[in-house]
Amino acid sequence: MSTLPSTETLDTSEAYDERLLSRYEAVRAVSELICEPLAIDDYQLQSIVETSPPKWHLAHVSWFFETLVLSHFRKDYRPYHPDFNYIFNSYYYTVGEMHPRPKRGMLSRPTVEEIYNYRRHVDEQMRRLMAWVDSEQWDDLAFRVTLGLNHEQQHQELLLMDIKHNLSVNPLLPAYRSDLTESPVLVSPVRWEERAGGVHEMGHAGDGFSFDNETPRHQVLMRDHRLANRLVTNQEYLEFIDDGGYQQPALWMADGWTLINQQGWRHPLYWRSVEGEWREYTLGGVRDLNPNQPVCHMSFYEADAYARWVGKRLPGEAELELMLDEQKTVDGNFFETGYLHPATALPEGQWYGDLWNWTNTSYAGYPGFKPLKGAMGEYNGKFMSNQMVLKGGCCVTPSDHIRASYRNFYYPHDRWPFTGIRLAEDL
Amino acid sequence: MSTLPSTETLDTSEAYDERLLSRYEAVRAVSELICEPLAIDDYQLQSIVETSPPKWHLAHVSWFFETLVLSHFRKDYRPYHPDFNYIFNSYYYTVGEMHPRPKRGMLSRPTVEEIYNYRRHVDEQMRRLMAWVDSEQWDDLAFRVTLGLNHEQQHQELLLMDIKHNLSVNPLLPAYRSDLTESPVLVSPVRWEERAGGVHEMGHAGDGFSFDNETPRHQVLMRDHRLANRLVTNQEYLEFIDDGGYQQPALWMADGWTLINQQGWRHPLYWRSVEGEWREYTLGGVRDLNPNQPVCHMSFYEADAYARWVGKRLPGEAELELMLDEQKTVDGNFFETGYLHPATALPEGQWYGDLWNWTNTSYAGYPGFKPLKGAMGEYNGKFMSNQMVLKGGCCVTPSDHIRASYRNFYYPHDRWPFTGIRLAEDL
Amino acid sequence: MSTLPSTETLDTSEAYDERLLSRYEAVRAVSELICEPLAIDDYQLQSIVETSPPKWHLAHVSWFFETLVLSHFRKDYRPYHPDFNYIFNSYYYTVGEMHPRPKRGMLSRPTVEEIYNYRRHVDEQMRRLMAWVDSEQWDDLAFRVTLGLNHEQQHQELLLMDIKHNLSVNPLLPAYRSDLTESPVLVSPVRWEERAGGVHEMGHAGDGFSFDNETPRHQVLMRDHRLANRLVTNQEYLEFIDDGGYQQPALWMADGWTLINQQGWRHPLYWRSVEGEWREYTLGGVRDLNPNQPVCHMSFYEADAYARWVGKRLPGEAELELMLDEQKTVDGNFFETGYLHPATALPEGQWYGDLWNWTNTSYAGYPGFKPLKGAMGEYNGKFMSNQMVLKGGCCVTPSDHIRASYRNFYYPHDRWPFTGIRLAEDL
Amino acid sequence: MSTLPSTETLDTSEAYDERLLSRYEAVRAVSELICEPLAIDDYQLQSIVETSPPKWHLAHVSWFFETLVLSHFRKDYRPYHPDFNYIFNSYYYTVGEMHPRPKRGMLSRPTVEEIYNYRRHVDEQMRRLMAWVDSEQWDDLAFRVTLGLNHEQQHQELLLMDIKHNLSVNPLLPAYRSDLTESPVLVSPVRWEERAGGVHEMGHAGDGFSFDNETPRHQVLMRDHRLANRLVTNQEYLEFIDDGGYQQPALWMADGWTLINQQGWRHPLYWRSVEGEWREYTLGGVRDLNPNQPVCHMSFYEADAYARWVGKRLPGEAELELMLDEQKTVDGNFFETGYLHPATALPEGQWYGDLWNWTNTSYAGYPGFKPLKGAMGEYNGKFMSNQMVLKGGCCVTPSDHIRASYRNFYYPHDRWPFTGIRLAEDL
């Protein structure tokens, strides 16, 4: 028997904590909520190798629960479909071979309908499992479920970033949703927040969930510095463009200069000039460029070049983490505001949300870093080369997914994520 | 006013011939019939640059009527959607820029539903037009509608060839239809049909419809020769494989040798060896290889190498056309048999249908060839380089679409179409 | 003992014919004469995959004698170097594996000096062989030597075509020779030569040497037609350019249109516009464009598009062969004139030499064509797909290498050879 | 007048310091000494985009003196050749456009002879300049000459690394020199050198020359750790291979895993298995693999995977710099030993020389880093993304070119340089 007994027929485990289940239900629902505005036709798009089709995301996060939770606790668990381990594995080599990433857009089957059925099945099995495990296993279960939910939240971010890119290559420029509201248009001067150097601590502390890459907490040596309290705006970036920023090699990393010339980059990814006016493709369709909103979809190369042009630099990861840590609440323009686009900074500053902040810190393990055991160890550690750290979350990040110690990472050339520029400088 | 008055309110034209309309309705219905077994998810697949998504085919053939018929007769005709001329133009440069072919799989919008609405709209407009044009315009209309219907039939073939390839790249190997019947399994010895050489005539004759590339009818000089009365079978081709045919450079055109080694071709496209047994992916799913069925999905290079190995050659176009012309009826395993796969040859021979026969004739204009005027002139002539002629139709060709003088053409490396090998030799 | 006894110690064979040796010496000398103006540095260039380094040509033609002559007659012949069969084999799969063509430019060793030593060695062995074989073998020897010499002459053409391209990619635009004289600048109106259609004969006849692809002589059916008695000039082609010829899709084969847009072709290969004036890179360096000289380095696509623009067509192979056959002498601007560039047409016409004439005939075997046996069979037959026939020789062809039945072949996109446009039309 | 008066006719500058000239002469001579064993044919090879032809190196380092020294002090200096700024500029965008790097192998002109003449000319002008500048300019001159000489020394390293790769792609596997001696074959157990953590200082200190990227000297926070006193040997690396190291994804960075599978890496770059025995291509030709020599031509990915397999890690830059700084002398197997290959470690340890040590430190600017002004600012800073730091010099590094603070950098995938593995671990 490969599936668990139904919840009705079982005493629930002593360790059972309803909060885990209710969080499970809530997070899982958000993924489907995100996909609600899509036509079935939209579910299969893969515009570039970096993006995945929405239906693949929906299935992959379910496969994660099957593989790292259900099969872990029930050795007799029979996967929903024998081939799903092949087609919905993303990069976990320890659990077998996988379908090549660039071909995810070729998977018309399973259909969207079948994938929703798959989700239903996994959800039902997960409910039974949570009711069924005994108290000795509960901590392990809670950890694995929490990891799976954080994993799904990461894919919720990606779903929206990918949907945006996938739709953007269509000459019809369809909006993901045409009912999005725009953020208020306020002007906000930059204020600089200072910090004295010396030995500080960074990295995850406390009992709450964190990914392995946020640990161990450790000492860092910092210099006196200050950070801008908001992100660079479209208007400010326009001045860089108008000054010929994309034509001055001295502003660019050599690899970036090669890239922007090979690809012909002369402005941010989703900008287009229509009869002399800049317009921007957003999840709400094409809009006039709002000069006061943060400039978004920056590659590291563009962020770094802009900072050099303006005589500043990007923040270090530690500098930014400490500043985030100091905020009283994890508050900002996240997924829940419903803008799905970066908003103009509030007078009190712009720290969490809106756009992932590029740092000048290469993504590497902290001193003493140890990956998780087994397949879960493939989650973070193996990406610790060639990428840069980003901090703070963005306008498509679920608000309960982020924290000061959170380490996101992208390649310097990536610009389809929601990424922006915060300036820093030494004192 | 961009659309025609509805048929109810108009006297029908004097020239009006109901047969044109009924043929229109019949041909248009077949395209949709072909797509019936598809999930919406399948409509958007483009597995290789040569194939197109089914939804693109459905829209493109409708765009053809809008552009070359509706807009031609009604200068005030307003296209259904202003961007469709861009996204559903295939290669008609004279009517404007077009969406790049390799990106057809990225068009999630218009949705499948919208494309069916588009078809409804075009059909209604076409009905009105046929009722409305006056007698002077009737011949022009009839020609253009007939061209459009022949065009749509060509895409019906392509729809099935493309669907097959598009689904075949899915690791789940889904069947297009699981209810297909297989053809009878008879053994049929080859009989050779001879013809004396000398000056003969070829090319389209008579009043019936033909494409411009089948004209003018002209004289050709031929040699004494004979043709096999059926196609080469899987069993016969297996002997070539088992003899190391794919490893002997002397059998191959130089370009073919390079190709099969770069691509690692060692057997026909859809074959796969499962535990030592050959199996074949078909529109009905994976089946055991039937040794008596014609070997299919041959590139020209494979067909030519096989013929060399067996000490024969491929037929010339003229040789094959004359033999086809001699058959009493255009009869064979076409789309209507419902096999959607080549069938074993009947004792009386196998001439039309089953598989397009590669010839050793390069596709070029006949002496005195003149393309049609205007956009219709882009139909055939501009492809007259680098391709080879094929004759006879195949198991997914509508039976009323083919004739002896019909000239199909593919690149020597193409093997996703339904193509096979017929042998010939000089006497 | 792997080498032949020296000529001094041997009676020469009865069959010995001094003319073969003297022709051998003469042809071999020309290859080295062609390379005389090169710096050692120039010998190793391979600018595109189609061209080969001069040193590779020099060695390859010698390897041909080692492999198809010396080793054939002396089973104990020990090759000069055990690895040369690998690195100097061009495409003869029947004699073993070979170094990849795109990597020929990587062979700094053997050095130029060593390659000349290799040539000396092969020459000495060939002399001994010619003195040594007995009369029964003489005919076979004479055939193979003649084949080898014709092969070397083909590479002499290629040497000059390749040197031109190899040097042209250098920003210094070095001249191959700075002492070349230019042809006279005469104006010559076109005269059209007519021929009545009907059944004619073409293909090689008689005892003289020909390649296998020129045989068998056979009948062809032709139509009434006429040919221009000279090639299209730069001035005439400029009118095509100025009329937007490169921007009109209706003039181009579809594959050509794709190519010229991908590659950005807007004028012939070696043209460059310098301050509004057209200049042309030649083997004599950069020169002002001479409007009366034939336009050269045409791809088939350009030749075909030009002919369509001017309302004519390219000649068929048979049409051109018969016209060449009618000329009293094989006379024209060949290698020996020393121009190394096409010359202005003489009033009496321009048939042989100057530029290879593109025909509209796909390169294929003549009816009944049989390749030579063994490795020599790899010479021609396997290239009979995807290429077009060219006739008449060019300004870098040795004059005793060409004849009416000679069939050259290039891909439609090739434009680094000396190729030009002759017009034809039906009557 | 574009050149300086000859040294004979001038009083030498007051500031004139003969040691600068004699160092200039000595360094310049080494570049030519390195090229002495080359045939002219070898000077133009560019086997991969990362390597440059030896003749290009010889000219480029001279162009550096022309551009950053001669033209700087004499505004009327006329470059030796007007096009050399285009063809011998490597990446200095501030001084103009440049020939594309992948095409350096196409420059047969200027010839090797002309490039030696160019060197003679630059040397003569440099001598005159050093005799001519007045005392106010002397410091600037001395700095720029020293920078140019250090630049040339870097290219001396590259010359030998590039020559090795360029020759290695030749199937003849020619030796660069056949008279190289091999290092002694001693066995040396690893000893671990410990260091207590805390705040330390790193970066260049003192008056001596350093590159801008070695400054400013700054504090770093370190942990208790220890470093192996010698490099990993071939024997040790073989155990990794034999244990399936190249087949275990868990050992590899994700980007490395993708790379080794795409490229089929299963052993170090220059290793080849000949009849079951490992042999290695060296600058002295193919040799039996010496198990006690350091494993060389490691990519970062391989070094990192090996360290993970053995349960250690790579050193941080600071850890290694401090250890190097502690050595009494900069002593080791450098260019001057004449091995041109890594040597077996001596009992007292192996710190400088032999092989560049990969660190786990991403190449970035030190806190407060400021690039040099003008074109010299393009020397280092713009490469500070995507690369890793290496320390210590190697067997082709001139011994007076290296120091503890020296920062070399390569991409994680690079393996044509002389790179090796040193292990580290936390205490």
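Per-chain numbering from 1; labels A, B, C and D assigned in written order.
FYI, a contact is a pair of C-beta atoms (placed from the backbone, for glycine too) under 8 Å apart; a residue touches a chain by one contact, two chains touch by 3 or more.
No experiment lies behind these values; they were computed from the predicted model shown.
Moving only to chains each one touches, count the minimum steps from chain B until you reach chain D.
Contact-graph shortest path, chain B to chain D, evaluates to 2.
Taking CA centroids for every chain, report which one is farthest away from chain B.
So the chain farthest away from chain B turns out to be D.
So what's the Cα centroid distance for chain C and chain D, whole Å?
Inter-chain centre distance comes to 46 Å.
Based only on mean CA positions, could you tell me how far chain A sits from chain D in angstrom?
Computed from C-alpha means, the inter-chain centre distance equals 39 Å.
Touching at least two other chains at once: which residues of chain C meet that condition?
Residue numbers touching two or more other chains: none in chain C.
So, with touch as defined above, which chain pairs make the list?
Chains touch in the following pairs: A-B, A-D, B-C, C-D.
Show which residues of chain B lie in contact with chain A when the two form their complex.
39-45, 47, 55, 83, 86-87, 99, 103, 105-113, 166-167, 169-172, 174
Provide the residue numbers of chain A that touch chain D in the complex, in ascending order.
91, 93-94, 199, 219-221, 223, 249-250, 252-257, 300-301, 304, 360, 362, 364, 367-368, 377-378, 382-386, 412, 426
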